[in-house]
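Two complexes, one shared chain (chain A), two partners (chain B, chain C).
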Partner chain A sequence: MADSEGNERSKQTAIINHAADEGDEKSLAEIQKAKNEGKELTKEEKLRLRKEKKQQKKGKKDDKGPTEKAPVKEKTANPPASSQPVTQNAAQKAPSAVSVPVSESTAPTDKSAKSKAELKAERRARQEAERASKQAKKEPGSQAPSSKSKAPPSELQPAVKRLPEHIQVDDPAVVRKLAKKLERQQKSGQGTSLNVSRVKIPLRSDYGYKVSLFSHLHQYSRKAPLTQQISIPATVIHPSIVRLGLQYSQGIVAGSNARSVALLHAFKQVIQDYSTPPNEELARDLVNKLKPYISFLNQCRPLSASMGNAIKYIKKEISNIPSQYKEEEAKKKLLSCVDSYVNEKITLAAKGISKYAIDKISDGDVILVYGCSSLVNHILCEAFEKQRKFRVIVVDSRPRLEGREALRRLVNRGIRCTYVLISAVSYVLPEVSKVFLGAHALLANGYVMSRVGTSQIALVAKAYNVPVLVCCETYKFCERVQTDSFVSNELDDPDDLIVTRKGKTHLADWQSETSLGLLNLVYDVTPPDFVDLVITELGMIPCTSVPVVLRVKNVDQ
Partner chain B sequence: MELQAVLMAAGGGSRMMDLTYNTPKPLLPVGNRPLIWYPLNLLERAGFEEVIVITTKEVQKALSTDQRLKLDVKMKLNVECIQEDADMGTADALRHIQQKLKTDILVVSCDLITDVALHEVVDLFRAHNATLSMLMSKCTSSRRRVPVKKAEREQRDFVGVDSAGKRLLFMANEADLDEGLIIKKSVMRKHPRMHIRTGLLDAHLYCLKRSVVDFLVENKSISSLRGELVPFLVRKQFSKTSISRREEDHSDQSQKRKDATAALDEALLQLASERSCWNDHSGDMSEAYHGGRLRCYAHIMQEGTCYRVNTLTSYVEANRVAPKLFEEAAVHPSAVISERSQVGGDSIIGASCHIADKTSIKRSTIGASTIVKEKVKITNSIIMNSVTIEEGCNIQGSVICNNAVIGRGADIKYCLVGSGQRIEAEAERTNDVIVGSDQLMEI
Partner chain C sequence: MNKLVEYFRTQMSQDPDVASAVAAIRSLLEFLKRDQSETILGLRENLTKAIGRLQEADSSVAVSSGGELFLRFISLTSLENPDLSQCRNMMIERGELFLKKISLSRGKVAKLCHTFIKDGAKILTHSSSRVVLKVLESAAADKKRFTVYVTESQPDSAGKHMADKLRKLNIPVTIVLDAAVGYIMEKVDMVIVGAEGVVESGGIINKIGTYQMAVCSKAHNKPFYVVAESFKFVRLYPLNQQDVPHRFKYKADTLKTAEDLNQEHPIIDYTPPSLITLLFTDLGVLTPSAVSDELIKLYL
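After this line comes the complex of A and B, so read on.
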């Protein structure tokens, strides 16, 4: 038995060598079949992988394209040159070829009654082979969802798109790649200028146990700020950006509008302090300079959709600066662009929205608001100025308790308010006539992304037939599509959920409890069926018209 | 540039004249390194590349010429000299160098030995846009017997912080108070919960805004940072016609050229804070920070080391603790230690020392070029550079300064032997301060 197996293996090695010489796709299938059996082959495979990796590294230094194909070529033994799609196809066929011989090989193996251990070994060998083939695929940039590496790739290969990296936090390889990317970004900003200072944006490490459903997201602790890892007189990152990042991570600047405005303010400081290096053009160099700052801010707190749109706008404006502009002129133009953006998209938009919204508020209304939305507060204050008679019910939720701030601002103006926690929403709703909600972002499929708890309020309001009006400026419209709150969200510091009463903290050492996880979600997603109207500065539109607005905006630009 | 570091090294060490009458305080050896090395190392580790050092000519000369002083810092030291007899306070010194100060400043004193994470102090300064941010530490009292001339009772400092422990609400020294603590009602209304602490050590590490320097230039009456400026700023947080108005005037004057842009920036910042749903307190109807423009914060270290070497007690304490802060070879490679001597693990031997046979050195610091002859027992002591200790001596809990000579068979317990002094053979001194006769009249 052993002899025959040994003979088989030697035969298989002969097949592989043969295949390497000839370069036939049929022999490829044989290789894959051979790979399924026996651990010795995986050792060879590992050796080959090591060689390939070395060659890939060399290849990266010289020329990315063709030399990278070389190891892939070696592996698949295909004819060279312009064969990238072919190699890709071959590589893709390889796992499908795997599934075929797998089914073939499992039949005889069942019949030959192999032990459980040997089956496990086969499976392991198969997985190693697939992982190896995937690694080779990753360089040419083909599609391989690494977060689903456990599932058989052959089934998912054709349909699955690559998940963005900020979502795959549970995969260590992706995290390492992100760290490298952050390092690379800083070097890329220098280009050909003479005094190159290596800027490294530190990677913030995750904190505490993450609930498994959200393990693909980052969870940071407020007690470990990112400034711990950078030098104190912030030279590599502009001081106003460091200050902004700190204010984001500590929650001093919170709320979609406030964050965007603060970001634009910081960018104004950066632009004012910027000076073009000798051989560079302002249009290109400034954009490169902004990249590490944006990475830094992202590490402090994930960027919001409004911030993302503001950044896109600024980058577009910078790259559209004509090259004959002198530095002073260019800077002045940029600063005025930023000011006009804030003015149009935030200040004037708020005015426009409140005009439309006030039409919807009639005397004797009881308006329910949730949390602290700067826009909704603005609307209510304006309505009160215009002598509308209404009262407000402010709904609040832990751990942020932002409703207290909304309550303070409304009461300061003289509006009659009631304050409840979200658990009392269904008791309070019978007397409510309208619900006004703010939004963090409006997604392209009409879903509303807002503070966690908003979807609950919308649901209960729908059940009581109370109209739900969402107020949102158009600059918060986002091209993303999401149907649930799991796939993309933000995890806040879990220690915020811990309550200390009379000096006693029961959850002080929650990390030592193995079966306990604390989850502090920040956003959730409300489906458009629960939202009756979206009030924007372009008018009052139904939720499903959001993609139309986006399309119109893109056409304009 | 965000912060400029200023190191105050011109102080005279008035509370330990016995040690400092010959050696200026920044050059006193602690763990065989000059005292000034510790704050410089702290700044270097934090990432500073340039430091402005305010010191006397003597110290500057010593730093640049003396090879024995291990000052291997990679930062650029921008040394500013002031006259030693000018009796300048720390605020006066800042006024002196105000031309060099272009951004917000971080003021450190040369006698600070600490391993604090500096970002804690600076983060408070940045995040809350504070005018002042300082470092304080919970004092640890030492129980050891140290050579003291007379009982030195420190005047207590009363520090009031808010319930979160970050915002400074009240600061006064016992010397300034007549009968009792007076706390204004406006402070109590805004911050109903205040913790007043007395056991805190002020580390003399301040982050100050640039406008404070301008204010100092205007008000020449303030001469000390610690004694006058800081309590003034803490008080002015809550006054109606606050310094912030005056600061605004200054900033307006200096920015008249960039008037429009500055105003627009301010407006943006104002808009951001209006739209932000954050408040630093809850329960009353006022906005974040109660609308005050001037804010003072303090970071109180709960654990870790923080020493200010300004008295003899703290000097001895620091000598014991400082070497543990930095991993360094306890025994300098160039020291010659004979085989039959016992050198304890927590002792530090400086360069070019000669330790003869049958000596026992425990928990002590021996400076450079010191000669220790046979059968000497040194415990819990600090021996500075170029000291000669003859045979058979027994030194316990003492401080022997530079160039001293201890005669044969002397028994020194808890004494302070001044610089260049000679102790005759077979002398027995306990709890004594042996200094030169010309120093005896210093009071």
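After this line comes the complex of A and C, so read on.
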């Protein structure tokens, strides 16, 4: 026993001075000895051994030449009970390079490679330097947001506690992280065999002055689409995705369902044109290929909750492809999965929802709708075909004026409609019997996220005791929780608010006015107390039961 | 079929204390025992028809909800057994089980609720409800002292029956006019009412006059408690008073004989969930938003 102890003591000192390889053997030998003799390694010794192993690994990777920094003196001075304070000492005293021959070390030392202590010291010094530099960077504070350009990553972050990057636009560290991520993505998206013409996914820059409450969000200009910055040939991004991105950013494809369906069709095209590179598995490679596309689409226009769910589904299906499937089979399966998703979750769900909703429409009803929701329009057309007698009041708002599209569709069917702007809503509400609203997403705490203006309508309807019904498919339910419209939203092009009347545009150079900001919000959230009923394809549920549906859905999956 | 309705009526008259839904389910069980159909599908069809007939005989919400739940409960088992008689026996077994469960439900509700009645409490209740009676009975058995105000509840003056029953239990009781609910609200500590049906939104359907009692209690910030057994949960979602289907609003005979329903007065009304504080059921004490959760569990 004493022998081994003594051995250990000397070994402890020796190890500090030894080269990596030797120490490796020694620590292994030590462990073996301890095990053989049934002596339990003390906690400190275990810690030390672990650290040594880590250092050995690092030492093998590092290319730096051996330094003369041998804080051996301190080691010998301190009883080597624990290596932890020793290494700290080493770090502090590293600049003072003193190499002292260690007479106590009995084992032959090879000083060509760096010693473990030196490695530890270097690592610690590096960490300190990084920490200091990070703090220094944070001090200057958030700079002008317009100079920052950052792209939100895919919203499919699994981490629960991390804030998504797209609502941290004013934090420069996050911006940098994202730029790096985009670079990494475009590199990983290319196979090793591809001759790359390093086309980066461009970062879209923000435009114009942002109102301070919303400075954490992006604000892009429609006149500067992302596609102008991509050169031809864009080998990284599939052309149908480029087209889709352009359609999103210019507002040609708008509306939650339309965007999801367009996305899924574009992905079908991508899958069809895809060919597995050699030595790669389809399941993994295709998912990696999709990542830069999703980042690109996110840059063109932030992803909606429905698109996020669709992407999650596709990624899951792709990664579940068994490896023995041939490429053709796998592609066919994926295409049929996408088709069935669109069919079940969107088309058939709309039919189911209209069935329930038509029960709620009685003869003589006056129904108020806001904006243009494809689902609500579908319901009203179906109800009209089933010979229900009702009339519709369409409420519209600037700058999108989507109500005009809804009006067009309803009038073409022959439904009696009235058209008002949102400022007149409290004037019309006394004659309204029901309000039908569409939703962009239903959040896990029962809040309804929809086009800006929806919560206003719900509030006024509540004041007049008019029942408010929200129609929403279950694929739009998302796990997010939000109680206000500030924390996560979308800012549209501020130039849309400028109005030209009789050739005069008063806001033509609003950017030069320092005290003026234009805010064009896209979404707002409505609390569940204002909503009386949510109609989904699973049935009619109160707004507070959304988490129940989410729970049931998760159990199914 | 006619025998079924007769059986139902005899059940109701024999035991006035039994809930109409329980009587209905007993009759359905008898019907199931005597049924002669050869296939499972035929059996189900006959049962559905029987439920329909019972609804015509007694148009309360509870009969319809109880019947539907009975049907679901007995067909919840996997009926893979090819032998019809064995299937039928299994269904009958489950039916008896269901009946036993719901006969005990009133006791469970009373046990949960009577602890909410404190000594010296003044309680307001509406019309005549056997569940509320059971609750007050158990509170009295627990040696609590409280006074009860009952509304007269026209058009059938059911409140007077309630008052008689309470007097027999030696509970001090006062009858008030339906119009005096606002007047009496500041004196009472809580309001306890029964329910004929509990809807998906968490609201209740009950004798007419309940809604205004709920509105008054909300205005005075008094708790509004509802006691109901779980078989009264029904898959309905009314948005407002007009949205309640006609077959519940009027008595079964009125529906058949009346020419213009607009001239008839409805006998029930709908109380929205925002006015209800808590619901006491045999599944536990629920908030109105939890009712939807329970309904999903019951019906899916």
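The definition used in the following text is that the second predicted complex is superposed on the first by the 382 of 557 C-alpha atoms of A that agree within 3 Å, B and C clash if a C-alpha of one lies under 4 Å from a C-alpha of the other, contacts with A are read in each partner's own complex, and residues count from 1 in each chain.
Going forward, contacts are C-beta pairs under 8 Å (C-beta built on N, C-alpha and C of every residue); 3 or more make two chains touch, one makes a residue touch a chain.
Fair warning: this is a prediction, and the values are worked out from it, not measured in the lab.
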Legend entry - Fit or clash - chain C, chain B, common chain A: fit
Inset, instruction - Please work out whether A:Val499 is in contact with chain B alone, chain C alone, both, or neither, and reply first, second, both or neither. - result: neither
Inset, instruction - Would you sort A:Ala173 into first (chain B), second (chain C), both or neither based on which partner it touches? - result: neither
Inset, instruction - Could you say whether A:Asp532 touches chain B, chain C, both of them, or neither, answering first, second, both or neither? - result: second
Inset, instruction - Once the structures are superposed on A, label A:Pro542 by its partner contacts, choosing first (chain B), second (chain C), both or neither. - result: second
Inset, instruction - Check whether chain B or chain C contacts more residues of chain A in the superposed model. - result: B
Inset, instruction - Could you say whether A:Gly255 touches chain B, chain C, both of them, or neither, answering first, second, both or neither? - result: first
Inset, instruction - Go through the superposed model and pick first if A:Pro239 touches only chain B, second if only chain C, both, or neither. - result: first
Inset, instruction - Would you sort A:Gln228 into first (chain B), second (chain C), both or neither based on which partner it touches? - result: first
Inset, instruction - State whether A:Gln247 touches chain B only (first), chain C only (second), both chains, or neither. - result: first
Inset, instruction - Pick out the closest CA atoms of chain B and chain C after fitting on chain A and give their distance in Å. - result: 29
Inset, instruction - Would you pull the chain C residues touching chain A in the complex into a rising list? - result: 200-202, 237, 239-240, 242-243, 273-274, 289, 292-293, 296
Legend entry - Touching residues on chain A, where the partner in the complex is chain B: 225, 227-228, 230-235, 239, 242-243, 246-247, 250-255, 257-259, 261-262, 264-265, 268-269, 272, 335, 339, 342, 346-347, 371-372, 374, 401-402, 404-406, 408, 411-412
Legend entry - In the complex, chain A residues that touch chain C: 360, 362, 434, 465, 467, 469, 529, 532-533, 540-542, 544-545, 548, 552
Legend entry - Complex interface listing, chain B residues touching chain A: 1-5, 46-49, 106, 117-119, 122-123, 126-129, 261, 264-265, 268-269, 271-279, 282, 285
